[in-house]
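As written, the chains take the letters A, B, C, D and E, and residue 1 is the first residue of each chain.
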């Protein structure tokens, strides 16, 4: 496929914790095509951020390390690239924005300095040109008074403004891939709506592939074409977005969708998934969701199911033994 | 008579003055004594012709009429000269005066001045200059320390000893005294002559930092707390110095002073710390020398204290001190055990039978006095490392006979505060201290310390020693002029005090100094004054 | 900034007045009699009183204080009891050595301390971190006089590279300033390390990396700049103590500075000199604090002084 | 549900902020002239965006803050001006649950001691009795009774929030102020906690002041809702009224901005321009006019009054009928 | 609440619950502490030193005060492991005995200073206003007085002696603790759980003691251990200037300063006290870091 932008194959990332290694991301594979928004959802600690940091090669300074798999950006394996090659790719071919817009900007530098720094790292512009360019960038992310914003320090900006600046910075070198790690979680709904709108516009204008990480199923539903659901470091389900919401296969996905309160649903009690997300260092044997699963079977506690395509449709995959029984039932 | 001046240790030693010049040149009869000058042993060559002398204390002033400490006096002598001086044999000879006469009635002193001498500022030295200097000194408003040497104080009444000064011609000065005063000529060895133009120009404050005299060196600079530099006076009337300049540098830390000598940053250091002699000598281009000093090291015993009022106790304590160990420990052997109440270099010194180190005797004396198990005492002293070491030694020694000693080192200022109280307030038990009468006079070495009327706060009889016989002897001594009689009187006094043991007599140390072997002609006088007028650096 | 500066300076005046009063009382209440030290042990009580009167030390303390303050406002610091020199003349030439020494010490301390701190933070848990830590702690666990004497033995006596001290050339400042800076170097290294560890964890550092910035710039430009705020505060606090604590170094390296003068003057109960010095130290402390606060504003854009 | 347990009348709270050392004193108008009542046994919710004064309102009610103006009545007592000592006995009846389950538990105390703290202060129970109560409560909120000797960091966010709830319930308060109790939690855990709160209310006849920024959460738990904007309540209504018939343009925009977890549903978002204005310099006239899609010159200068637009439905807008007509 | 019906939430916390087993406060602390090897080693060193110091009178090979004028400044040998000093006294014995004085002076001085400073800082941070102004201006004044001078003055006023050095060192320890404590208090005071405590109905005393103080303990411990080192060195500096604690009883600082004249003739007499001071200060610092990390609930 020529429009395949990013292909992650069997990614495995481990963290050192008290001398032992814990696996934060286990065997994760997915692809993003050009101009596509892929959603990555899952509860806190399931490995969403680690996945994105692994792709960006930003596990520096953490006890974490990618220990297996391939990350192909336009066919080139990032894991085999040298540090300096990665630095060139980072910021130019792929960029990332983070959850906390306020803390993503250096509090002791003017916006100007930070933007120009990002631009000049990858574009052959002098300071003056870079400044003009950054003015354009700020305009394009919908900042009403770019001159003032450029001269401001981050603490003088509101959350929404900061996030726009961060996006402008990330988009400054026209990356092919944008990884957005919970870009709106810290923002208010009305501001969130603005930012989501902006991202949709960017995708449309620049045909950027976006990996949108979130735990908000509402955001995914509005933004993405395809979704990956992660649980305990593993992908448990992958499907086109409509299919996922209409017909979730994995018990976890089902529970997740059901437990989100919906506007106008008029219920007093929400269905909920009992228990907690397991800790990485004390993972249950077998299926990681088994302890919380309402339709748990014996086999689930013994061995782990594979991520399998559902009914031959490669766009839809699920990691559950129920699938086998369902399939059997269906075939019977 | 001589008025004794004390040397305490660092911190309060500015009370030490070098009255009456260099004291005696009597050689102390210790093995280590090597004399003052190291001639003939010169080795190596100096990299430059600038003499650097590193000293422990600081120069406090260069106004020669208002000096209080030995170092300042030494330093000022680079620039200043007196009418008369002591020669090497302690005879008074002319310096700026070519000769002098004393009248029959001892009231008129006539000085014939050297001609052609110029002050460093180019003005002539003459009789008017001498008179101007004395006018300055005797003016009460100027509040100069030298004035006290020419004033008789009796109660509240002060009378000038000098009635008038006349200058019959440009090179003759006539002093008329109000009453006979035999030390007058000696005192004149301590009255440097300042250029009257400078007195006029600088005033009292300015003279502190702007010395203008007739001496062999011309003042260059004085950085307070750091150094003073003077350069060779090319127009000096006498023998010109062998070095281009002399710098007296303050280096308070003993180790650093030694290091400076080792690296050649200094050519001469005084005092040489005795602990580092062995290290310094290993380099091969350093000689360590010592001259006899006038310092007496001792511990005052408060004879009014119940335990210490018994002479047996005090003698017992004296028997418990190993004086050889003391000299070795404290001065690396550069010194001698005490053999009298004053240093052998003081005139009319009389050797006493030593208190041999004898613990058994000490213990039995103590038992006789009724203290077989000893008792407790405090020992006061200054808080410098060296003094503390000495006190620690005393503590160890006395503890051998059961006397428990608490060592209490204090700042000099605090000590003096505690010492100068009337008897009824006195808390003193023992005081580790020293005394240096820089005059030749035995009276100076004894009166302030043993005369019964000299108890604090009046003066320094901190033992509160009261022996009418000694009082009588000291009175006799001051009114007598016959050397034979004096020898006898002071021998009796020393013997009486020695037997009464109001002190722990410790020892007499030497002035230890060290220099690069290529330096010659620099020495330290018994009172601690450094003499560098004849310095030469081998080139 | 200007108005802020003026306000702070004005605000310091009552503090300084309080300090001057405390200093005055404090020194005069320490036992010890300067007159006795001047006149000598064998001087009589009468002579002592004469001198005491001449020096004005017999007046009530409060009157003496008022006299002193009057002098202070007319720029007259009085005269030294010990040498008779005017206090200004006595102190004046001593500023330069001490201040030069302090500044050099600060430069050493900041350069080495910050470097060690950054390196240990970046290489934390590695050998370099431990070496840095031990070096740093050596700085706070070796008495300065001892370090100074050892350095003299090595660099002056054995190797002959540097003078044993003194003010003759810039070389004379190397050993003393290094000795003086060692303790602060240690403290700065530890503070830099911990604040660097903190700022390295910050999101904006990750953002900087995500831009593709080289690691050295990530650390130097982004992480360190924010640690600097803390480092400046700590360093500023240290300078205050440095000047006054210089006595040991000035003694060992024979430098005629304020610290030695202070201790000597206390020894002589040279009240006027001690008062002037203490007042100077207080002013210096307040000034350094003010500079630190201003620097803080420069480094930390969240604090503004306009 | 007829007697008001709480009634807040025209309460205003400002905070002094002096940014910069030399700047003039400035004030944040955190809560500006708000009035509402909470009936015995009902759940009254406050929604609004960050910084609009929700928490301040909660803290005023709990008298952690003293109002500048206005009256606060709780259970028949006027509490807005009373001293801390007078308030202390009343604290037994008012308990608070906080948004941040991590920050609200003292990390250095065992959870048993944390939960028992109100008992220690408000009752004379012995240590043994307290322990029994704590264990009971732990089970009530769905935790193992043996957990009492553990430390907060050993628990997940959801479990900590349960601990916070347990603590709030120990002395059987009349009013529970829940300040964003679920916004820090994962969706699956959020549902657990919301259900728990619902159950507890039924079982213990609790009255809730529920604070949240999430309209979908509020809908699930509330009886009545107040929408806040810049320190004022712009609309109050019963749950049904508010969601079906919002009358304030802000409420409407807020509702439309909530992402709906169903891709199949077509949505028409009302995108509000700009940011929330600073509460230090609130806009003149209608506070919402800077972002309002229907702003008129009148709105810019005139403050709107509270208008009753239906049963229990009040709105602060000059043109409350604009939306009804649509 | 026994009258109420228990709610069975739709959650299960069964055997497969992944939380660690309950532990006692102390045991857990010890377990966490044990993981910090350097801190454990430091603690062992300090404990050994403390025990040696306590038993010193019984275990020293020589009487530390006994002079031996035949064995002055002897280099280390089988008879005198670490050599002898200028009085011929056994350095090893003196160092062991000296540990008593040095450690107890440092610990008690810093302890007293810390106690006062912490209380003042806590009050200043908690009750702003007059108390804060007084404490902060007071510490400004103390800070602007040179440390050494303060010590000299105290020793001059009340005379030399152990107690006085303790007081002197304690006095200049106070402002540093007061400041650090105040800023720690100010930041902990902002913590949500403090507000929670107030909302629950805690009185100020309880809030201060139970909720705020433990939150500041980490920075206090680090400052405390750092100050121990400073105090040992301050004692040495005071000795250098002649204001030492006790001149005849062995004390590390005094040994170092009195022995400095022998740096090139008999280096061992300052080397061993120097090394011991270094190791002790290092150990206290490492122990402090370890304790801080152990007490940090977020570290494990």
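Keep this in mind: a residue touches a chain if its C-beta (ideal position, glycine included) is under 8 Å from a C-beta of that chain, and two chains touch if they have at least 3 such contacts.
Composition by chain, UniProt nomenclature: A = ATP-binding cassette domain-containing protein; C = Glutathione transport system permease protein GsiC; D = Dipeptide ABC transporter ATP-binding protein; E = Glutathione transport system permease protein GsiD.
As the structure is a prediction and not an experimental result, all values here were calculated from the model.
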item: Lowest number of touching-chain links that must be crossed from chain A to chain C; value: 1
item: Selected interface, D-E versus B-E, where C-beta contact pairs are more numerous; value: D-E
item: Distance between the centres, which are taken as Cα means, of chain D and chain C, whole angstrom; value: 53
item: Chain A-chain D separation of Cα centroids, rounded to whole Å; value: 31
item: Mean-CA-position distance for chain B and chain A (Å); value: 89
item: Distance from the mean Cα position of chain C to that of chain B, given in whole angstrom; value: 38
item: Residue list for chain E, restricted to those that touch at least two other chains; value: 10-11, 13, 152, 156, 257, 260, 263-264, 300
item: Numbers and ranges of chain A residues touching at least 2 other chains; value: 272, 274, 276
item: Of all residues in chain D, the ones touching two or more other chains; value: 192, 195
item: Parts of chain B lying in touch with chain E, wherever the complex brings them together; value: 254-255, 258, 273, 275-276, 278-279, 322, 325, 328-329, 382-385, 388-389, 391-393, 395-396, 407-411, 413-414
item: Chain D-facing residues of chain A, complex; value: 43-44, 144, 158-161, 188-194, 196-197, 215-222, 241-242, 245-246, 255-257, 259-274, 276-277
item: Chain C partner contacts - residues on chain B that touch it in the complex; value: 3-6, 8, 11-12, 14-15, 54, 58, 60-61, 63, 66, 68, 143, 153, 155-156, 204-205, 208-209, 223-226, 249-253, 255-256, 259-260, 262-263, 265, 411-414, 416-420, 448, 454, 457-460
item: Touch list for chain E against partner chain D, complex; value: 1-2, 4-7, 9-11, 13, 17, 19-20, 22-25, 28, 191-193, 195-203, 206, 210-211, 214-215, 297-298, 300
item: Residue ranges of chain E in contact with chain B within the complex; value: 65, 67, 69, 72, 86-87, 152, 156, 159-160, 242-244, 247-248, 257-258, 260-265
